[in-house]
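Same chain, two partners: chain A is paired with chain B first, then with chain C.
This part shows the complex of A and B:
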């Protein structure tokens, strides 16, 4: 039976976790709710939606791939050799209180970086070192549409522990062995149990707050719909306002495009990988001057088609969690739901 | 199914496909005023002797502190003592490569991508159509076929560039012209005193060649505008889209199908390509 942890005991649990893990938890900073390192003296905020997703915990915005260093040979100073060095250690982390849509985002990136084909060793290490304590969503926002794309505000497959707000506390459901390891017995033994039906009732509440689902499934039919719409003039109309700012990709829990750049300092330096955005014209610009996606409508079409068509074809999943951040943050007010609704027929 | 795909996939040191192997430049050849060929040898002698790839596969070459770019391996697969790359000075990385001298150390992640299905081409007539630096990916396949000449029927190489000075691999071209068992047609865009071969754009020369599509395969690579019109001429001659191969270029970073930028619809040029038939390209969204 799940335990019920009252609000005022959460800090005890977090302090306990922080002894062995880097604990990342939503908190207010400069007027925004962000996910950041837990510090006992700072207030946490489990009520608001974080501005950006939790993907940075497994796929940091900038990450070193390796360091390099040029050295002269001792015996033959004219002979210079380069040495490469990688790091193997990544911190053990807990993502605490992240919403189901962000857990889904991490699951989706896993499908790309660590399933078939080439595997990304940097992502893999960080994912293995990450434990997830998800928090069922209590206040879906206007832009939320997780149910449309097959998600749920209150279930979080891929998480190790699921918290559900019940009364003045949280029901704690342990989902995996990794999650069990995050439970300090001396704290939890003293907690009261909560009835499973009560948890279920609380979980159903959030779903009712979401718009009636327009279900889009990761089917071949969905994938085909966007391929068919590839030459549609609607793309121009729908994306005319787009500024190519790229905020939709940075805030997105599933966007995983990156660039690789060298940073040099004298005879040494490092090769970094950094988030990139398919919204930027330079993203596909070739040295010859040719650019296969020169027009903004072509870039936007690629972003939507990647999530709602290409990822179905390549990974059998939809590349969208319905978190709504791209809609909420778009300075031009572009609403992905309108485009998807127009171009993809309802499957059920 | 053979296990080629596994054999010709880049693993990387410590199973990290982002980590390059180190290599040194052993020779630099000036092909044209802005194109140089580099022969490189892996530092690890054992790795070098075991290195295997198929014609058409590419490499990510890096200069540490400058960056990485994608180039096709254009030496023959049976050449075991070096790998050759031909680089046109265009951007930051290629310019830095042009400044390298013999002995310089580089990083190399290879082989990456798919390749020309040369086994399927056995027993068939082969037409190569190249323009400028587009001969680079064809060169590997040509050298491979010449080394196994008896397995292929007629081989016809049509190659052109703007001026005689822009023709790459002049030594190879002379060798191929001397051979009696293949047909080589060279062309330049405009007449130049002393030029004794054809004059005219490559597609026009392809049209004039009266190619026979029966039991034939055409492989073309060059500037996109040349490919576009070569394709029209080949189709006019009766070649079907599945008989025509090309190899594509795209801006790439990872070469592993992960970083996202080189896609044409759902296909990534770095892992699903760079070699495609025109039948395959026709099935993809028009995003070249």
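This part shows the complex of A and C:
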């Protein structure tokens, strides 16, 4: 039976977790809510949506892959060897209080970085070291549409523990063995139980907060719809205002494109993997000087088509969690929902 | 939007490939740039107290959907935004006859982020503007505020409420009534010691994610692929995102905007991590104002002192 942890006991739990893990939790900072390292003296904020998603915990914006150093052989100066040094230390982490859409985001990029075909060691290491304590969402924002893309504000598949706000506390549902390891018995033994039907009721109530005018499924029809619209003039109309900045991609919980660069200074250097964005014109610039996606409408089309078509074909999933960050933060006010609604026929 | 304005835009449409104005945003108190091509679309156009976007960003041809060489575009510009057109004309980026500009007088735009803290501006269910009072219902909490307390910082310091360059002006012109100085925020920064300023900017730059929205939303930044902050050969900036590379990015940009920034503040508005990044080019502007009395984009036909040369400069 799930336990009910009152608001005022959360800190005890977090303090306990912080002894063995890096705990990342939403908190206010510089006028926004961000996911940051838990510090006992700082207030946490489980009410607001974090400005960016939690993907940074498994796929950091800048990842140092290794350091390298060229060394000359003193006796044979023509012979140069390279020494590599990798950084293996990935701390054990807990993402605490992240919403279901962010958990879904991590699940989606796992399909890219850790699937049958390809396993990215850097991602895998971070994902395995991460435990997720998700928090059911009680307050959808204006830009939210998780239910449209098959998500739920109150269920978080992929999380290790799910918290559901019930009364003045949170029902704690342990979903995995990894989650069980995050439960300090001496604290939880003293907590009251909460009836499973009560939790279910609270979750159903939350689910109704976000009406879905249409539901998009990761079906072949959806994938086809966007392929059919590939040459549609609608793209020009819908994306005329797009400024080709990277806000939507960087804020997106599922965008996962990167570039690899060497930063070299003398004989030493570092190889780094940094987020890239298909909205940047340079993303597709070829060595010849040709750019197959020169117009911003082509770039925007790629971003939407990747999420609503190519990922269905490649991974059998929709590549969008409906978190709405790209809508909320777009400097040109472009609303992805309008475009998707226009191009994808309603499924029953 | 007034009937007169709608009628005029509809009248202009046959002369232009598209007209850029404001349409509905994600809620009733946000707007978004809207491109229209057909007369019936005029009904979707808005002109209200929430039209903050600087549409002059779409004036450089490389930053908007292409038009045929003999075609022109139409757009509505606020006073502050119109300064960009004057600057772009001076830089030879666009030809005057390729633009049809509707001039308006702007009463100041409302910054709903000033309501944050009182209500959650991302969960607005209802909003009403009645005379000077904005009432917003969000997530079951209601707040009513005087719009004079909600104006954007740049509007409080507005010196140019009327469009400076236009083909036709709709409505009555108003006189400027700035309630604070445009350089006040820069002056405050200047009062800090060097160490304090360094700490201030390092903290701000540490948050930057280099989405480049500040650059892309800037009407004066039009280098696109050729921007030196993007070129990979030679590489002037580092790809990784950390305080030092971010600082490099923003300082280079500020220097490139010296005497060109038209103070629309869009860079700071769109920043997804709340960096008051407009303060850097504003500082350059203040220097140019103090030395040369120069304000970019305020006088058609005049050349920036940094693009001109005099044998004797009075203040140098």
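Side notes on the structure shown:
We take it that the second predicted complex is superposed on the first by the 343 of 348 C-alpha atoms of A that agree within 3 Å, B and C clash if a C-alpha of one lies under 4 Å from a C-alpha of the other, contacts with A are read in each partner's own complex, and residues count from 1 in each chain.
Here, a contact is a pair of C-beta atoms (placed from the backbone, for glycine too) under 8 Å apart; a residue touches a chain by one contact, two chains touch by 3 or more.
Remember, predicted model here, so these are calculated numbers, not experimental data.
The superposition on chain A brings chain B alongside chain C with room for both.
When the two complexes are overlaid on their common chain A, residue A:117 makes contact with chain B while staying clear of chain C. In the superposed model, A:18 makes contact with neither chain B nor chain C.
Contacts of A:302 after superposition: chain B is touched, whereas chain C is not reached.
Touch criterion met: A:31 reaches chain C, while chain B stays clear of it. In the overlay built on the shared chain, the residue A:143 is in contact with chain C alone; chain B does not reach it. Centres of mass aside, this uses C-alpha centres: at chain A, the angle toward chain B and chain C in the superposed model is 90 degrees, to the nearest 10.
In the overlay built on the shared chain, the residue A:82 is in contact with chain B alone; chain C does not reach it.
In the superposed model, A:129 lies in contact with neither chain B nor chain C.
In the superposed model, A:187 lies in contact with neither chain B nor chain C.
With both structures placed on the common chain, the touch criterion links A:257 to chain B but leaves chain C unconnected.
Following the chain A superposition, chain B and chain C show a smallest Cα-Cα distance of 5 angstrom. Comparing which residues of chain A touch chain B with which touch chain C, the overlap comprises 259, 261, 285. Across the complex, chain B meets chain A through its residues 13-20, 22, 62, 64-69, 90-91, 94, 103, 105, 107, 224, 249-251, 253-254, 256-261, 263-266, 271, 285-288.
The part of chain A that touches chain C in the complex is made up of residues 30-32, 48-49, 51-52, 61-62, 139-143, 236-237, 240-241, 243-247, 249-251, 259, 261, 263, 272, 274-275, 277, 280-282, 285, 291, 295, 297, 327-329, 331-335. Across the complex, chain A is touched by residues 18, 25-27, 30-35, 37, 53, 57-58, 63-66, 116, 120, 122-124, 139, 207, 209-213, 215-217, 224-225, 230, 232, 238-242, 266, 269-270, 272-274 of chain C. Residues of chain A touching chain B in their complex: 65-66, 68, 70, 79-82, 84, 86, 112-113, 117-118, 120-122, 223, 227, 230-231, 256-262, 264, 269, 271, 273, 276, 278, 283-288, 290, 292-293, 298, 302, 305-306, 309-310, 313-314.
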